[in-house]
Each structure stands twice: as C-alpha cells, then as structure tokens.
Amino acid sequence: MKVTLEHLTKRFPNRNKKIKADVVAVNDFTFEIPDGILVGLLGPSGCGKSTALNLISGLETPTEGKIYFDDDDVTMLPPENRGIGLVFQNYALYPHLTVLQNIMFPLQNFKGDKKMTKLAMEEKAREAARLVQIDELLERKPSEMSGGQQQRVAIARALVKQPNVLLLDEPLSNLDARLRLQTREEIRRIQRETGVTTIFVTHDQEEAMSISDLIVVMKDGVLQQIGKPQNVYDDPENLFVAKFLGTPAINVFEGKIKYGCLFIGNENVMELACKKDLEKDVYIGIRPEGFILNLDGALSLELQNVEVMGRDTSVVSKHENALSGNIRSIINAEDWINSESKLVRFDLKPKKVFVFDKETEKRIYFDKK
Amino acid sequence: MEKTNFEKIEAAEKRKALIGKVVTYFFLSLWGLIVLFPFYWMILTSIKSYGSYNAEYVPKFFTLTPTLQNYSDAFTEVSLGRYFFNTIIFTVLTTAAMVVIITLAAFAFARLKFKGKNLVFTLFLSLMMIPNELVIITNFVTITNMDLRNSFMGLILPSITSVFYIYLLKENFEQIPEELYKAAKVDGTSDFKYLIRVMIPICQPTIVTITILKVIECWNSYVWPRLITDDETYYLVSNGIQEIRENGFGRENIPAMMAAVVVISLPLIILFLVFRKKIMAGVSRGGTKG
Amino acid sequence: MKVNKLKGWLYLLPAILFLGVFLVYPLIDVVIYSFEENYNFASQTYTGVGFYNFSYVLHDPYFLQALKNTFILVIITVPLSTGLALIISLGLSSIKKLQDLFQTVYFLPYVTNTLAVGLVFMILFKKTAYSDGLINLLINFFGGESVDFIEGPYWAKMFVLCFYTIWIVLPFKILILTSALASVNKDYYKAAKIDATPKWRVFTKITLPMISPMIFYLVITGFIGAFKAYSDSVALFGTNLNVAGMNTIVGYVYDMLYGNSGGYPSYASAAALILFVIVLTITCINLMVSKKSKISVN
C-alpha cells in the first residue's frame, strides 16, 4: 500500500509552561512512500521521527495536513481501522500471555464478518510464528525469552493480521551488537517475503543505510532529504545530511571560493566551474574515502597518527581550518609509505567533495573540473 | 605468648556472642509466648466442659477430657451460625463491589485522558485525611432516613469505596508501560477490553492483596454494624460475640463463649497462614489496622 | 470524540457517587450538625445556631472521663509500643534461625477479631466467684494481692486496656520496623565493624538515623490510631463503657448517636469535631518536631 503524507504538521504545547510557543515535532512533511518497499526514517534522537510514526499509525492526530493510504484519506481514522502493524522499541509484549496468546491477541479483536474461529486464529498465529522462525517457542512467556526472540514475537504479532503497513519504532536499539546485525537482515528478509510496505524509525544511520530501499532524513521536525541510501550518501543536499550519514563521519573544513577555485586556508585544493569573480565563505565536506595520497598533493595536513586496519589504512591528521577536531582519511593500505614526516599531502576526489553555503548550510552545486 | 593472647580474645568474643544470642532468643520467645498464649487459652478453654471449667479454682494448662460440646452449644444455643453466615455475605459483597469500583476508578486515573483528571485526583487524595469517625454520624442518619437499617444494603453501602486502594492500584496500573496500551489500541482493543484482558491480569498480585486486606477489614468491622443493626438477624460476628457475652447462654458459660471466639477467629487465621507473605507485604505497603 | 471525553468520568462515576454521598457530604453535614442547637432527631428540627453543643459536650462529665481515658491511653501506649516494637525488631533482625517463624507469630494479632480475642483477655484478667483468673493467680504466686482488672479499680482497668492495645498494635509496628531495618544498606554495618564501632554507637549513629523516618511515621499513625481507640475497650469492658468509666472519645461519639443514651447527633458531631481538632493538632506538632529533629541531625 502506498503511503502519502501531505503538509503533515504536529505541534505540542511546550512542557515548560512558561514558554508559550508550541514545540513543532513534525513540520510540514510532504512525501510519498511507494507500495511494498522498506523505508528508514532516520534522524538524531528528539528529531520527531517517532511522532511521525505515531501520526502514520493514528496513535496521534496531526495538527495540520493529510495522510493517505493509497487514495484513502486516513488522517482522522482511529488506529484500529487503519490496518497497520506496529512494533515497539521495548516490544510491548503482554507479560502474562504466552507467545501464542500474544500473537493471537490482535485477531481476537476482529468483529463482524472478519471474526475468526479459535482454530483459524491459532493456524494464522502459527503461520506468523513460522515466518519469524519462533514456532518452537509458542508456549513460552515473554520473560523466558531473549531480546532477539521477543523482537520476533513482536513482529509476528504485528504481521499476523496482515497489515497494509508495518511500522517499526527503533526495532533494533534494545539488542546487543551481534544480534542487531542478525535481526536487521531478518527484518529485510521478512519484508521481502511478505511484501508489506514497511516504515522503520532509527537513529542509527548504518542500520538505515544497510537495509532500506529508501531513507528519509529528519532534523528538528523538518524533512532534510529523501532518497535511495546510496544517492543520499553520494549527493547530500545540506551539511546536516552530509555529516549525519557515513562512518567514519565526513570531514568538514572552513573554506572560501575565490578566483573560481576552492581554498582551504591558503591552499587551492580544487578548481571549480564557476564565475571567476564569485567570492564566498563556505563549508567544505570531504568524505574519508575522498583523499588520494600524493607527495605533491593540493592539501597539506599535520599528521597525527596512522591506524592500519587490514585492507584499509586510516590516516588521522589535523588542520587549523577543520571544524571537527581530527581529520580521518581512509586510503588503500598498499599506498601508505612509512615516513618520519610530520606532514602529509593529499589530492581530493571531486565526487567526494561537497561545498555548502556557510549561512544556510545548503549545498552549492558546481561542475567540478 | 602472642598466640595465646589471640586465642583468649577469640574465646571471649565467642562467649559474648553466645550470651547475646541466648538473651535475644529468650526475649523473642517470651514475646512469642505472650502473643500465642491467648490463642492457646481460648482453644484450651473451648474444649473444657462447662462443669470442669467452673470446678477449677486454679485453671489447668491442659485437659485430659476434651469435649466438642461447647462448639455444638455455640451453634445451637446462640445464633453463631447466623452471625457467621451474615459476615460471609457482608464480606463477599462488600469486597466484590469495592474491587470493581476501585478498579474502574484507578483505570480512569491511570490510563484515560479527560479534562479535570488531575484536579479530581488531588481531591480524591485529600479525602484520605477525613477520619471515619467524623462522617459516620451523618452516614448513620442517612442510612436511617433511607430506611436501610437492619439490611445488608445499609451495612455495605458506606464501605465499598476506598480512596487509599484506588491510589494503590492506580500507582500499580501506571507501572504498565504505555507501549502496551498503544499496541492494544493499534490492534483495535477497546479500553474496557484492555482493562480486563491486560491490566487486571498483570496487576493481579496487587488486586489480590487489596482483596485480602479488605476481607480482613470486613470480617473485623464492628462500629458500623453495631450502629446500623439492632435486629439480631443482621448481626455480624463482632456484634454477635458482644451479644453472646452480654445476653448469651443464659448463664456465664465461658467455655461455650470461647468456642464461639475460636470459630470467629479461625477463618482469618487460616487466611493469614495461607497468604502470609502477601498479607505482610500488603500491610507494610500502607495498611493500618481498622 | 465527545464520547471519549465522557468515558473517563463514566469509569469514575461509581467511586465519585459513593465518596460524595458517604464521605464528602457527611463531612460538611457534621459541621452543620455541630452548630444546630437542640436538634430533634425525630422531627429533624432545631431551635438555633451556636456553640451550645460544644459547650455541652465539654461540660459533660462522661466526655471529660472519656477525654482523660483517651489521653492516658495515648500517652502510655504510643511510646511503649513503639519502643517495644523497636527492641523486638532489632532482636528479630539480629537472628537468622526461626526468624520467619517469629515474624509469623508476632503478626497473628493483626488478623484477629479485636472483639473476640478481647474476651480471652477478659477471662484471663477477670476475678469471678469461681476463680481469681490466671493473671491474679500469677500475682498471688509472686506474693501479691488479687485485683479485679475488669470491674475493679481504675488503674487496674487502665492497665489491662493499655496491655491489650499494645498487644493489638504491635504486629503492625514490628512489621514496619523490621522491613525498615532490613532495608538499611549492610555496607554501613560492615564499615562500622571494621572500625570497631561499639554496638551502642552503631545503633545510635547508623541504625536509628536510617530508620528514623519510619519511626516518625509509626509515632504519627500511632497517635492517630490511639486517639480513635474504642473497640479494644468494648472488647474488655462491654458496651456500657460510661458505667464502667472506661469510655473513649470515639465511644462517647457513638453513645451519643445511638444506644440507650443516644439520639443526639448534634452532641456526637461536636465531640467528633473536638476529637478531629485534637488529632490534627497532635499530628501537626509531630510533623514539626520531626522536621526540626531532621535539621538537627543534619
């Protein structure tokens, strides 16, 4: 099912009662989620992504704007009529019910002609349990299971009523690192198998990048960018998105556009295809993989440390114009020449260098020479 | 030399600890005896025959000829059975009605959203300070005017709400994570169904504790029943035993009276021995006697 | 949406209804009663408004007797029962074996019917034509004179009443204090032991300050409870407490309301309000003292 948001806005009264202005948790969201894909709603904590999810689920009603499932306006529809499945960060399993009873719970609420016999419900529940591979554990109580298993039960409970849309709120953040990797593959597999449109919320960009078909980046309630993970990474629209995606994080310098060239400090690091008389203060973002080791390179950095990690070598250095303390560049291990030099010089890969307006932090697009 | 010195210290310490222990156990046992003795005495007296009890100028601490005659007297010569039966009805109805009412109220406070909730809750809490002795006068008049004296309704009505238990249960309800409610909402569970199928089962231990404490309170209640009933057919055990004492067996039949006391005390003692842990935990969380 | 807002009130309705009729309305009404002079219960009429009811009650010898009894009972039982409970709890928490058994036994009086078990105390202390009663025989054995504790001199009756009251209230206090003692962090005791702190110092400097909030709680609830004493007295001396001279304030209230001397809700209300004011004052003093001593501890 296609999900469309139109100018969706949610304001809360400020918790600090002295401040009259409302808190805008979600600000004028407009985008479309195509049918049958996995979408990652990504942003730092407190950016309003959970509120956005609650709006889609119907647990909260928007202040303004509309939500469509396919062509139906569901903005004011209560959650139970939207046909959604919801998985919570802490799973929200009923502690006094067994796994089977937990999964059957949503089916027991069906009324009218959707009402099912007990046998049919159990069959459905077992089917859902098989899908998430917990059909061996049906008689257990949630407290007798590991976090990963509880997560699967929660997903099974959300899927059992065959929802139009599956919503996952920070589904992996309560799991340990190893389980997290495993479970995110699992979520991907289940989504592929069922083909249900799935939206999940996370603050972990790596998690979102690795399994989503589409990511939506948010900050302070404002939509920053939407697109395929690789596209967003390769082509960030503003400084925030550039900084938020990628590990190690992007290196940011203060710089200048002068004489049609890009300057960091006094060094001309790159020529740009722009008017010669344009002069502007900018931020320059360079991805760690955007550095090419070159003894006569355009950018010189003060070498701090070299970390060799098998295939790659990470060069840690400093520069007085860098915003983020250390500059990290990843180069091929074979290229590294061990020298006593305190200085290291790089050329830059044009595709890995982004220029942002210093005031608006918006991307400035150039054809690089 | 050094070594023997240490040994001496060790021996002295051990002796001191032993003496301390003996003294502690002695006094603890002494108080245990003081607590238990009345119970022993009432059982003992209840199985002595009327004749042998009155013949003992120096009461004996045991009897070789136990009899159950006193028990049958207690049930036949006075209406102990009637009092007992009344108390069971009163206890069951009052407790059941109260549990329903406080559960609904606690649910509204803990889960539902409506205007004025916080104000009403504050008002409820302030009601906890009102002493029973103050309101019982008007309640007596109210029940009398409603013509409910000497009826179960009159006995039950004033004691089927408890602000304290509403507060206790509300606190417990609020410990259930919000997500559970949201999950149920998404699945189309109504508020009432959520209360019945999720909240009550999860909070069952607290509800059981409240139920037991209320049962104890009902079983022992004396003041209100005394005010509101003067017809013996509606007496509860507390006024029943008082009635037996004052106008009982036609003569001072202490063994039979003690048999009645045993019968009255036994249900609660059994209840206590079965739910010992629950009752003690519940009382230490904020129950006071009466 | 509109239904949703009403729903909360719907769930609260029974509770509000019962609390309103049997708790809020009576509270207002009792004040009104207490100022209505010469209220006639049968015709429900009164002749004037004023302080006559209060003055009547305060000049009634029965009330003054009840006031005196209650105060003596409070002054004797509250400190004694709290101290005794503290000693017993300390003993309990210092042992391992049989702790559970002792705790269970000590709690038994809490679940007994005050009226019923009071009769056992009565026969233990009563002097009858047949026998002097077990307690008197015990006194005789130690060379004392027999006393009728139930129908004899005032001090003897007061002694039994205090004894029974303490017997009844101790379980609650012991329970509260043992759980307070159990919740003191054991590391403090270990640290004190390593520093060779004497036991008495451990008690006054560590244990007592740690459990002092609970002790204050017990003192306050103890005062409130003791001022409301009634059924223990009935259990020992029968319903005709005025004649026995062992009435309490609460007993006076009920006697004014109902029974042979009853039918005067105005007097009852005035007496109940006087009791309420006394309890409120004592509680406030207690709270002030506890606050002050907290500051001095710091």
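By written order: A, B and C. Residues from 1 in each chain.
Note that contacts are C-beta pairs under 8 Å (C-beta built on N, C-alpha and C of every residue); 3 or more make two chains touch, one makes a residue touch a chain.
Remember, it's a predicted structure, so these values are computed and weren't measured experimentally.
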Central chain (by mean CA position): B
Greatest separation from chain A - chain, by CA centre: C
Centre distance in Å when chain A and chain B are each reduced to the mean of their C-alpha atoms: 58
Centroid spacing, where centroids are CA-atom means, of chain A and chain C in whole angstrom: 64
Distance from the mean Cα position of chain C to that of chain B, given in whole angstrom: 16
Chain B partner contacts - residues on chain A that touch it in the complex: 57-59, 78-81, 84-86, 88-92, 94-96, 105-106, 109-110, 157, 161
Chain C-touching residues of chain B, taken from the complex the two chains share: 21, 24-25, 27-28, 31-32, 34-36, 38-39, 41-42, 45, 54, 56-59, 100-102, 104-105, 107-109, 112-115, 117, 120, 124, 127, 130-131, 133-142, 157-158, 160-161, 163, 166, 191, 216, 219-220, 222-223, 226-227, 237-239, 241-242, 245-246, 252, 254, 257-258, 260-261, 264-265, 268-269, 271-273, 276, 279-280, 283-284, 287-290
Touching residues (chain side chain B, partner chain A) in the complex: 177, 179-180, 182-189, 193, 197-198, 201-202, 204
Chain C residues touching chain B - in the complex, by the definition given at the top: 5-9, 11-12, 14-16, 18-19, 21-27, 29-30, 33, 41, 87-88, 91-92, 94-95, 98, 102-117, 119-121, 123-124, 128, 130-132, 134, 137, 167-169, 172, 175-176, 179, 221, 224-225, 228, 230-231, 234, 238-239, 250, 253-254, 257-258, 265, 268-269, 272-273, 275-276, 279
